[in-house]
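What follows is a single structure, and I will ask about it in a moment.
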Amino acid sequence: MFFHRQELQHHATPDKPDAVFARKLQEVLGGQYGEITVAMQYGFQSWNAHLPGKYRDLLYGIGAEEFGHVEMLATMISQLLADAPVGAVEGAVQDDPTVAAIIGGTDPQQGIVAGAGARPVDSNGNPWSAGYVTASGNLLADFTANANAEMQGRLQVARLYHMTDDHGVKDLLAFLLARDTMHQNQWIAAARQLREEGVEDLPVPSTFPLGKEDRDVAYQYINFSDGEHASEGAWASGPTPDGKGEFTYVAEPPAGVPMPPPTQPDPRFHGTTPKPSAMEKATGAVKDALGKG
Amino acid sequence: MFFHRQELQHHATPDKPDAVFARKLQEVLGGQYGEITVAMQYGFQSWNAHLPGKYRDLLYGIGAEEFGHVEMLATMISQLLADAPVGAVEGAVQDDPTVAAIIGGTDPQQGIVAGAGARPVDSNGNPWSAGYVTASGNLLADFTANANAEMQGRLQVARLYHMTDDHGVKDLLAFLLARDTMHQNQWIAAARQLREEGVEDLPVPSTFPLGKEDRDVAYQYINFSDGEHASEGAWASGPTPDGKGEFTYVAEPPAGVPMPPPTQPDPRFHGTTPKPSAMEKATGAVKDALGKG
Amino acid sequence: MFFHRQELQHHATPDKPDAVFARKLQEVLGGQYGEITVAMQYGFQSWNAHLPGKYRDLLYGIGAEEFGHVEMLATMISQLLADAPVGAVEGAVQDDPTVAAIIGGTDPQQGIVAGAGARPVDSNGNPWSAGYVTASGNLLADFTANANAEMQGRLQVARLYHMTDDHGVKDLLAFLLARDTMHQNQWIAAARQLREEGVEDLPVPSTFPLGKEDRDVAYQYINFSDGEHASEGAWASGPTPDGKGEFTYVAEPPAGVPMPPPTQPDPRFHGTTPKPSAMEKATGAVKDALGKG
Amino acid sequence: MFFHRQELQHHATPDKPDAVFARKLQEVLGGQYGEITVAMQYGFQSWNAHLPGKYRDLLYGIGAEEFGHVEMLATMISQLLADAPVGAVEGAVQDDPTVAAIIGGTDPQQGIVAGAGARPVDSNGNPWSAGYVTASGNLLADFTANANAEMQGRLQVARLYHMTDDHGVKDLLAFLLARDTMHQNQWIAAARQLREEGVEDLPVPSTFPLGKEDRDVAYQYINFSDGEHASEGAWASGPTPDGKGEFTYVAEPPAGVPMPPPTQPDPRFHGTTPKPSAMEKATGAVKDALGKG
Amino acid sequence: MFFHRQELQHHATPDKPDAVFARKLQEVLGGQYGEITVAMQYGFQSWNAHLPGKYRDLLYGIGAEEFGHVEMLATMISQLLADAPVGAVEGAVQDDPTVAAIIGGTDPQQGIVAGAGARPVDSNGNPWSAGYVTASGNLLADFTANANAEMQGRLQVARLYHMTDDHGVKDLLAFLLARDTMHQNQWIAAARQLREEGVEDLPVPSTFPLGKEDRDVAYQYINFSDGEHASEGAWASGPTPDGKGEFTYVAEPPAGVPMPPPTQPDPRFHGTTPKPSAMEKATGAVKDALGKG
Amino acid sequence: MFFHRQELQHHATPDKPDAVFARKLQEVLGGQYGEITVAMQYGFQSWNAHLPGKYRDLLYGIGAEEFGHVEMLATMISQLLADAPVGAVEGAVQDDPTVAAIIGGTDPQQGIVAGAGARPVDSNGNPWSAGYVTASGNLLADFTANANAEMQGRLQVARLYHMTDDHGVKDLLAFLLARDTMHQNQWIAAARQLREEGVEDLPVPSTFPLGKEDRDVAYQYINFSDGEHASEGAWASGPTPDGKGEFTYVAEPPAGVPMPPPTQPDPRFHGTTPKPSAMEKATGAVKDALGKG
């Protein structure tokens, strides 16, 4: 169950309206790595968790905070829009080019659709999509997804920090930056602890028997480009992070296998198929090449 | 520039057709963490990279391999569909309930749209979306995204492995599992090396001056749920992974700040606004509470 | 701010697993009118509200309940999936046609992507989209949107009620049906009160001066089809619900106005445009018809 | 069957081009509540209608008008774009800041993709999606959806009215405002008549037996936020609009029920699950709490 | 303006219900190449047309027919769903495996959302998207798009024809097949006539001065794969269809140009950038290679 | 298998940065007809091809080139963004209106999300969608789709050519225009050859027996609008392009057939249905009209 309290975790009041920044700020509210994403992601991870105890409590405890961040950003955006210009560009520009330039940089839907309000969209107006959410039921994979989400999120807030001079906005962003610092650290720590406690291990999923994968190529860096410097990386030699192998470097991909002959679906699919004789020949050739003929 | 060779990196031929599995396999071709995602993601990361040398070569080298994996899976799916049933369910079920059940589990668009062919969609038929791609220009964030992508990808392949008895299919999946093992290890190793070489550090982005974030809350676990076990985790006490602080546990969120008064946009937005007198009262009350009145 | 408590508002435990119903139940979790929609919708309406007091408190008070409903449904779905079949259809069907039929009706992503868990998608696997949300800042419009959402939602739950025999599931649905009954009644009552208190009125937005709209056609039913029975409706004669006019019935649309001449954009757009002489003639003809030549 | 006549229902010619407004006007053509939405919505409602007679004739009669509104808006937008600037911003701005500001506010796809033409998208360029359409087969629910659509639509047109000084544009908007006034009134009247005639009733769907829902909570306002003013509303006491109950106000949500124990899916889903002993303990505790142990 | 008549262009009544086929038939109603696509496509092409006369009349004349096809298919789908099973799979399968298999193959949203009605979606339930529509303002390009749309559409109807035994359904499909035959022929004839009359020519857009494109590579087939047979095609030698050149075959792509040095954005974007010294070296090397240093 | 070489097919370096054009150029990278579309389209067509030899080699050979074009455009966009402004609009505009105007016209996600980098989106920021891809397995249909894609693509590049003065950009566009000239010609030539060789024919699919379609209406132009000029076109009389008929012109659509009676689904779908007596009457009337009663 969720409960709401009519307070904000931190001040969210700009010094003055700024309709252009109100559009940009939508990114960290409703974008791929905005607050809606992490709120929903931690929620679904908790509801799909199979392990009671500290890891699930962590997901519950952070998820609710993130819904509050959605609220803080929406509140801030509404205020940034408070005096959004309503009028026409062409008239405006004759009086004041600043206003004209602002109109060019605003999100028209914040005005037309929301009446100068925040929307569940990103800075280009794409509606938030649940296609951004990751919740697999495997905690090591998901905590890595979460660490990434907090990294991308903090990076975007840091970029936004330099796109405004408003002290009220910067004050909120400074708070969000710090919480993202915490959350990055937290998911990395949680992922490590999963491994230290033997709950999960690399490679994910560690419960799949390694003997069933094709171990010959499990630690090879195979270079499909012509850059030579990848051989210098920590991924080209030395022990692997999963502690189960040694990296090797394969400068050129080995020869592949011939493609199987093209399929011949039921004629009622009306695909373009060869005349029987042509096909026989082609199939024969491929089979020969495959040594299966 | 990209070049194509008419070979596959590994065999991709099933023992026999299986139209139901052909649908499921779409997930790792065109789903959120399918091969199209990683191919495009490594591509955009390389094109947006600012650092020449081994890290960019790594992105180039792996990206092209992943486009080849797209091809392998599409080839496999086409063959699994080779004898997809065309007829009506109700007729079929009287003769053969197996066929009827199969039809229920197939992707109708593989037949109607692609003529028994693979499609750039996931196992529910959602078209692949570039909204899945992450390429921020910050390599530590992006390599973490990549590690996650390979974890989620291997997890899905491992799940699919148990949903078929076909040796040809399992042989391909065993190959993909091994490559995902490599790629998980590789991105983790690369992320570590970025930190060891001092190119990047935690928290991401490490180039944002920490003094500008709200350091008081940068290492606090604040518990917004009523579970008590999160206090036992490695994220609740001890040194933080970024090496710059100590985790603390805050059992109950501190009191928040009052919400700012609701906005009063231009009346030409036709929002529902209070009568002037009511509004003055409300604003006054909030300002008093904020101590700003 | 939002707070989470590790309880559910109502029991959400099925008598036994049912992977097919787990797919169907996704509709009221992540569909157009599922719980995510109403939770987010009431949230954005509250954050964009300009009127403090009972209406905004109502939005806050209900929004948090709906996030709890998201949790209840996700919890139920996870349990319905607890014993989801993993194996292949064709093998299964030989042993047990029931299992085969079930596999055909399941959502493959609940297994492959979520590991037998709930997902933020609808019953066809479409990811939830913020394009479903309505939050305009005008409360009379938005409460009408909310009444509709609760009607559509209760209708879908009522349909699902007959698609299962599971007492645990039916018990949860009975609870949700009742809450939707409340919420329908509540939004209708709130919309009425807005009008009774003179805060808003019909037509929405009531603050737009009626004198500026084309009053001649403001209460005409114009029949663009050849059915004759629409003339019998309450919308074809009598006073209008906004109390400002009388309905009239126009059996056949009056003659329209000529279309304006086709546009002739800059040739650098490379559209298909007429030779100058042809165009002059065409434009002339249209202008004559318009009486503007 | 649909027939087209090469006339418009109303004049749709601007006084002069305005590429910035051409972008904004897309909202009421191809947005969530634009003319495409209502045209398609009334269409699908009529095709899914089960009740012949006046209600279905109403849907047919209005649907075709709305397709004509799509055409009027597209025609207007094309003309607003007739002299859309083609050149580069930076060059332009040195000569004329107005042109530069205009370019900033235009939809680039109207030029690049449509050659200075209208597109089936909203004012942020999101393609129209059938996810906006509501057609449930239940007329009381759907007429409420329609009333909402016409309210949101008229609200957006009213906002656009103040964003232009062009008399030709305002003339068309004045016509659309009036038709939306009619359509709001009409759907409200139709919804009322459904109830008065006993065809449908509240709560929707009225054919679901009330005895099967959880009547104890069917008229409770349960306050999940800490605002106190919701108790003052018409939804907190007094008779309910469905005429079947009395509202009550529950200031604080009653205690919930314990969450069910986390699920333990088949290990071949490779979720993160507890060690057997830990799990037994956890399950036991929950079962005790549930009183089912 | 559009007018509706309560008739269908052709019979659209199945012999008996078939809920599985009702799902499949959605493809040609609401899929990428379904009737909604062509109706909207011809509409937008006509509204964006710059050339009055026969070509625009053609677009108007066909567009309205296609809206009628939307209606015919929706009507057919509703009837196919008339007796859609409501009950649970597991109960059903014990009585009747046919019913269970059917449920597996149905679209759950046709029942839960539309109450056994048609929906504006494809056979996998993806909502129709205006991203499918093409309307560029260039008639030669757009008529080619239309020819393709009618080819893909007829192909899908032909595939569906073999997926049913129902005479009523087949009768409607036979009608649609014939209309698609007409429309394919018509768009090809119209595209030819555009060229014969000198209104448009190849390559599209023919109004762009050829001298400004890079004529050296304007007729080269450059082979980026290792197949040798492309050299045998009509695109590898002989005159080109635009009548302005001769095809040549380039067996191996010529050497490319070095990549430009990676970009170094403003540090406030926090991308991963080299240390200054490393960068100078890298840039120098690339400049040397480019011969621009 | 795909291989990458660290070269570009053509120079892709602008003379100077231009963040506004960087946004516009996204259209031909990630739009409906951008390079990602053709690269993926030719890829899926080759993987779904059933005919070995020159046609499939053609698809392979071009597909890889297009992936290289994706890379060239991404490289160009990154450089155009190299000095993208970071600061606030309002501050900037006081110093320099050019900068303010530029900010208004930029894509905020190129900065906030990609750190001044290219993204897999169009010029309005819509993520690329696999819903743009066509790959049916029928080569005549698909080559027509390809011809259209290259026409639309070249048209967009031609429009962009006039939106910049930058010589470096124009040089790349001149190269792309020429390659699109080639590809248009090539697909037209390939489509012709399919027919000349008797592999495919019109109407698509030519393998569907014509006798099963409704030949009476297979070559009729039926005019659903009131324009008279369509009768003058090559599609209104004379032989049809498929060589199998003669066009005829039907000035007015013939009378249709009565609509079937509305459906009466299971009452548990809770649709709005007539009272039994009303329904009997209605059904009877329709049946009479249909002559089936």
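So that you can tell them apart, the chains are marked A, B, C, D, E and F in the order they are listed, and the count of residues begins at 1 in each.
In this section, a residue touches a chain if its C-beta (ideal position, glycine included) is under 8 Å from a C-beta of that chain, and two chains touch if they have at least 3 such contacts.
Protein names from UniProt, one per chain: A, B, C, D, E, F = Manganese catalase.
Here the structure is a predicted model, which is why all the values come from computation and not from measurement.
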Problem set entry | Labels of chains that are neighbours to chain A (Manganese catalase) and to chain D (Manganese catalase) | B, C, E, F
Seminar exercise, completed: The larger set of C-beta contacts, choosing between B-C and A-B, lies at A-B
Problem set entry | Repeat of the C-F interface, chosen from A-C, A-E or A-D (over half of contact pairs identical by residue number) | A-E
Problem set entry | Residue-number overlap at the chain B (Manganese catalase)/chain E (Manganese catalase) interface, same or different (half cut) | different
Problem set entry | Distance from chain F (Manganese catalase) to chain D (Manganese catalase) - Cα centre to Cα centre, in angstrom | 28
Seminar exercise, completed: Cα centre of chain C (Manganese catalase) to Cα centre of chain D (Manganese catalase), whole Å, reads 6
Problem set entry | Of all residues in chain F (Manganese catalase), the ones touching two or more other chains | 1-9, 32, 48, 53, 55-56, 60-61, 63-65, 68, 75, 78, 86, 97, 101, 103-105, 111, 113, 115-117, 121, 124-127, 129, 131, 136-138, 140, 155, 158-159, 162, 205, 208, 224-225, 227, 253, 256, 263-265, 268-271
Exercise. Contact residues on chain C (Manganese catalase) for chain F (Manganese catalase) in the complex?
Worked result: 155, 158-159, 162, 268-270
Seminar exercise, completed: Counting only contacts in the complex, chain C (Manganese catalase) reaches chain D (Manganese catalase) at residues 5-13, 32, 53-58, 60-65, 68, 75, 78-79, 81-84, 86, 111, 115-117, 126, 129, 131-132, 134, 136, 138, 140-141, 144-145, 147-148, 151-152, 154-155, 158, 161, 174-175, 177-182, 184-190, 192-193, 196, 202-205, 208, 210, 212-225, 227-235, 240-242, 245, 247, 253, 255-260, 263-266, 268-271
Problem set entry | chain F (Manganese catalase) partner contacts - residues on chain B (Manganese catalase) that touch it in the complex | 1-9, 30, 36, 40, 43-44, 47-48, 60-61, 63-65, 67-68, 70-71, 74-75, 78, 113-121, 127-131, 133, 135-138
Problem set entry | Interface residues, chain A (Manganese catalase) side, partner chain D (Manganese catalase) - complex | 1-6, 48-53, 55-56, 86-91, 93-94, 97, 100-101, 103-105, 107-109, 111-113, 115, 121, 124-127, 136-140, 194, 199-200, 205, 207-208
Seminar exercise, completed: Per the touch rule above, chain C (Manganese catalase) residues touching chain E (Manganese catalase) in the complex are 18, 20-21, 23-24, 27, 31-32, 97-98, 101-105, 122-126, 155-156, 159-160, 162-166, 224-227, 253, 256, 261-265, 267, 269-274, 278-279, 282
